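Next up, some structures in structure tokens.
Shared chain: chain A. Partners: chain B in the first complex, chain C in the second.
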Partner chain A sequence: MAGRARELTRLWSKYAGMNLLTLIRSRRSAAIEIGTDVVLNVAVVSTSLLLAQRFNGIGQWDKYQIFFMLGYAMTVNGALNIFFGYNLRMISRRIGRGQLDHMLLQPQPFWRTFITEGFMPFSEPSVLVIAGAFMGWSAARLPAGVTALWVIALVANLIASGGIVMAFQVIWGAIAFWAPMSAEEISSSTNRMVLQLGTLPLNVVATGLQATLVTVVPVGLTAWLPARELAGPGGPGLGALATPLAAPVFLILAVLTFRRGLAHYAEIGSQRYLSFGHRR
Partner chain B sequence: MPRSDRSDTSASDTVVELAEVTKTYRRRRRSEHIGQALARFVRPTFETVTALDGVSLRIGRGEVVAYAGPNGAGKSTTIKILSGLLAPDQGRVRVLGLHPLRQRIELVSRISVVFGQRTELWWDHPVAASFDWKRVVWGIERSDYDRMVSFVKDLLGLDDFFHSMARELSLGQRMRADLGLALINEPELMLLDEPTLGLDVLAKRRVLQSIVDMNRERGMTVLVTSHDMPDLETLAPRVVVINHGALAFDGAFSQFRTKLGDPRRLILVTADEQPPALTGATLVRSDGGRHQYAFDANDVPIAGLIDQAGALATLLDVETQRASIDDVVADVYDRWLGERVTQAAPPSGRIRPR
Partner chain C sequence: MTSVAWPVAGSIRRLGPQARAIGKTFSLSAIAALGDSKLRLLDSALRIVRVVVLLALWRSILGHGETANGFGLGTLLTYTLVGELFAEQLSAGSDFGNWIWEGSIVSKMVYPFTVVGQIIADVAGQWTFGFVSVSIPILVLAPLLGVDPLPADARALFAFIPAIALSVIVGLAIDFILALAMAVYDLAPWLVANLRAAIAAVLAGTVIPLAILPWGLGTIFQWLPFASMGSAPLLIYTGSGHVARLLLVQTGWAAVMTALAAGMWRASRERLVSHGG
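Moving on, here comes the complex of A and B:
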């Protein structure tokens, strides 16, 4: 266990160093990279944010609950940007372009390469910093207040939501094993769906649709449900366990689907190779 | 992995072992005609393509083996199977005594694979950064790494561009950097798939010489594919030729040339426009008084042909040309379309040509 952790740390350190080297190539490119990242990510939540501000909330949620949910969604997104860059979050691109071979030719377990190779802690943290500050500011204005239990529940939910987003990305992205060309961009579509639907307060939609959005298409677990449980007046109850309990289920599904895809990949190989986006 | 930790398979003389390996792909039939395409959209039809058809091959430690064949013959499929990227349908595959798919991690720490059309370099980083990345991911000891970097920089002449961005390199420089990167983990086996593809003459010569040097200085086993015969002849004393997924030849280049014969062209310029009919030579082309014949110098003496021609026509000029190995092999590939020669592995040792 300690050996595995050491190996992970060693690889993350290496990729962090390489990320820093890329960022400090020039002040101009660093500023543009960070600036565009912030603008793009804030734009995703701007609709809900402006509506909540204008109408002092949406549905039964007041504006601080909405702000908290948006901060939560941005925090999850920002953390994933840091850990899964270089198209690892858009795994269908790597599969569809035949670039998985590069990962398989490294003397590392595939999962380890998957969680380390896209580590970009220097070029991508801006969103996480802004989102964290925004979430903290709105959390201080929530009716339940911030307690140690609340913080533990928040951290558990954030990790679980991140896991669910990645599981969702991998499950859909694995389609590229069977249809490399047609499904090459499927991960960007699912990612867009998570970003757009995940920042909507789903308490205003019908119950059937709500149920769908926390199970089949689990975008409700990426911000709305955790925020409902954490930002409600009573503080975190048993409902705060829903997302952490659902995450392993989605992750197991993702592992099984990906393994099946990988077995298919070993049978048919890569029928196409594009260098586009590879290690750049 | 330090050499001392490696299993005793590294002491074995056989580095690559393929026994009766078969690999087929199922491919959907396509059509450029809308009617047919629509019919196939509704009722898809498939065809089975045999990439490898009972291939058996052994490569001993320290050998350099050229793996030749026309496009689509099964060369890249073999390389992918050996590197654990692809599973065979049938047959036994062992590389350094390891099962490439089940023991992928150990295998890839002991081999290196270079695909000519792909790069392992980090595009937006200096070449040196990709080398250091490999040191960390492969877990190479710092002292071994420093020694190998110094070695490959000398061997491949990397000093001039070692600190340049990978994206700024020429194709030849990029390939040399990729070869150097492949070497720093001191692989026991190097699999090179079309390493000279797209290189100009000078870059090609340098890359080929580097591969020869790597083998000589490190005793490394090399399996190199190419469809370019002169390249392979420069590199390897042993050539394995694959055609339509089956081994068509395995042996020394000199034997390969003997098997191919000594095809030549005889060009006669005669006073008469009518070409003389020569026994033992085939008329290929006749243009005015200039006639071109094909013949095998191993079977028909040139002097005899000229005597025949002199007796039948007034000769104004005579010229003979030796066909390049590329042309000869292209002719052979054509001939092989119909007659597939499959070689079976002998119980031990190297496969011999029939």
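Moving on, here comes the complex of A and C:
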């Protein structure tokens, strides 16, 4: 166990070093990369943010509850970009382009490559810092207040939401095993779903659609449902367990789907592989 | 008489093959978009679900009879619905940046018709997919969603036609300028495209009418070119804006952005970098 942790830490520090080298190769590219990330992430939450500010809330939620939900969504996305950058979050690209071979060739288990290779702690943390500050600022203004139990529930929900986003990406992205060209960009579509629908207060939609958006397309679990349970007037109740309990189900589904795809890949390989890593 | 007729006849003869080439490019682009991937339907589904959620948002914010900065609930619902119906036209963009990035611009430049003509034909062809998979379903769903998709009156409908044409001109000119800037400053096309979409989402007013924005942001944003792309046609369609003033501002931006794009093209054409695949 300790050996595994040591190995993970060693790999993360290696990838962190490479990320730093990439970032500092030019001041201009570093500024562009960090600046655009911040603009993109703020723009994603802008609709709900501006509406909540203008109308002092949306529906039954006051503006601080909405702000908290948006800070939560940005935190989840910011953390995932740090840990799963370099197209790991957009797994259909790796699969569809035949770049999975680069991961399979490495003398280590695939899962370890998956959770370490996309580590980008230097080019991505700006969003996480802004999101964390925004979430903290709005949390301090919530009716229930911040307690130790609340913080534990928050951390558990953030990790679970991140796991659900990645599981959702992998489940859909695995289609690229069977349709490498046409599904190469499917992860972009599912990512857009998470970013665009996950930042809207879904309590305003009909129950049927709401149920779909927390099960079949679980974007409601990436911010809205956890925020509803954490930002409500009574503090976190049993509802705060919903997302942490749902996460393992989605992760198991993701592992099963990916394994099935990988078995198919082992038989047919990739016709799109080029030695310099790009696609045909 | 003959000396006048000859050049005109010559122009028409030259226009024939050009029109045919544009028509063919349009068809190829439309077929490619339709047949490219059934998985693109996911994006279409997302757009439809998103508009359903946005309509529900407006209903949760405004009750019947209530107004926000002069916008009643019915107007806001029509504004959002029509904004999604014409989403691709109100934020018109092309693959020009990708052509430069991939190096295919080299082949495009030796095709026997203008690059601008190719861009327009390609973009219009790509719209077919969105029209079939998003606009028509939304239009069919409109009565079920309780939204009146019709324009405010006949005058609004007639003014909407030039307004959306001007919106497309401004959008494509901005796209052209950004693509050239991308090549000159060596930026990644997806970065520029994402950034443009993100900025336009807030500044264009296609989701939230600019007048409703907090902190008086709308009073500044309404004069920017992005407002001429998104907000102006929708305000005209819903009868919520001063038609002549909106069309005048749009015409001004269309002229400025087109001139800027043409100037940049002349200046950077020879220095254009083909990035390679």
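As a convention for this text, the second predicted complex is superposed on the first by the 273 of 280 C-alpha atoms of A that agree within 3 Å, B and C clash if a C-alpha of one lies under 4 Å from a C-alpha of the other, contacts with A are read in each partner's own complex, and residues count from 1 in each chain.
The criterion applied here is as follows: a residue touches a chain if its C-beta (ideal position, glycine included) is under 8 Å from a C-beta of that chain, and two chains touch if they have at least 3 such contacts.
Because the structure is a prediction, the values reported are computed rather than measured.
In the superposed model, A:M193 makes contact with chain C only, not with chain B.
Applying the stated contact rule after C-alpha superposition, one finds that A:T22 touches chain B and leaves chain C untouched. When the two complexes are overlaid on their common chain A, residue A:L105 makes contact with chain B while staying clear of chain C. In the overlay built on the shared chain, the residue A:L11 is in contact with chain B alone; chain C does not reach it.
Contact comparison for chain A: of chain B and chain C, C touches the greater number of residues. Of the two partner chains placed by the overlay, only chain B lies in contact with A:A266; chain C stays clear of it.
Chain A uses residues 278 to touch chain B in one structure and chain C in the other.
Note for the complex: chain A touches chain C at residues 32, 36, 39-40, 43-44, 46-47, 50-51, 53-55, 58-59, 175, 179, 182-183, 186, 189-190, 192-193, 196-197, 200-202, 204-206, 209, 213, 278.
Interface residues of chain A facing chain B in the complex, by the touch rule stated above, are 10-11, 14, 18, 21-22, 25, 101-102, 104-109, 266-270, 273, 275, 278-280. Residue ranges of chain B in contact with chain A, taken from their complex: 1, 25-26, 77, 80, 83-87, 101, 104-106, 108-109, 113, 115, 117-125, 129, 132-133, 136-139, 167. If you check the complex, the residues on chain C that touch chain A are 36-40, 42-43, 46, 49-50, 52-54, 56-57, 59-61, 68, 187, 191, 194-195, 198-199, 201-202, 207-208, 212-215, 217, 277.
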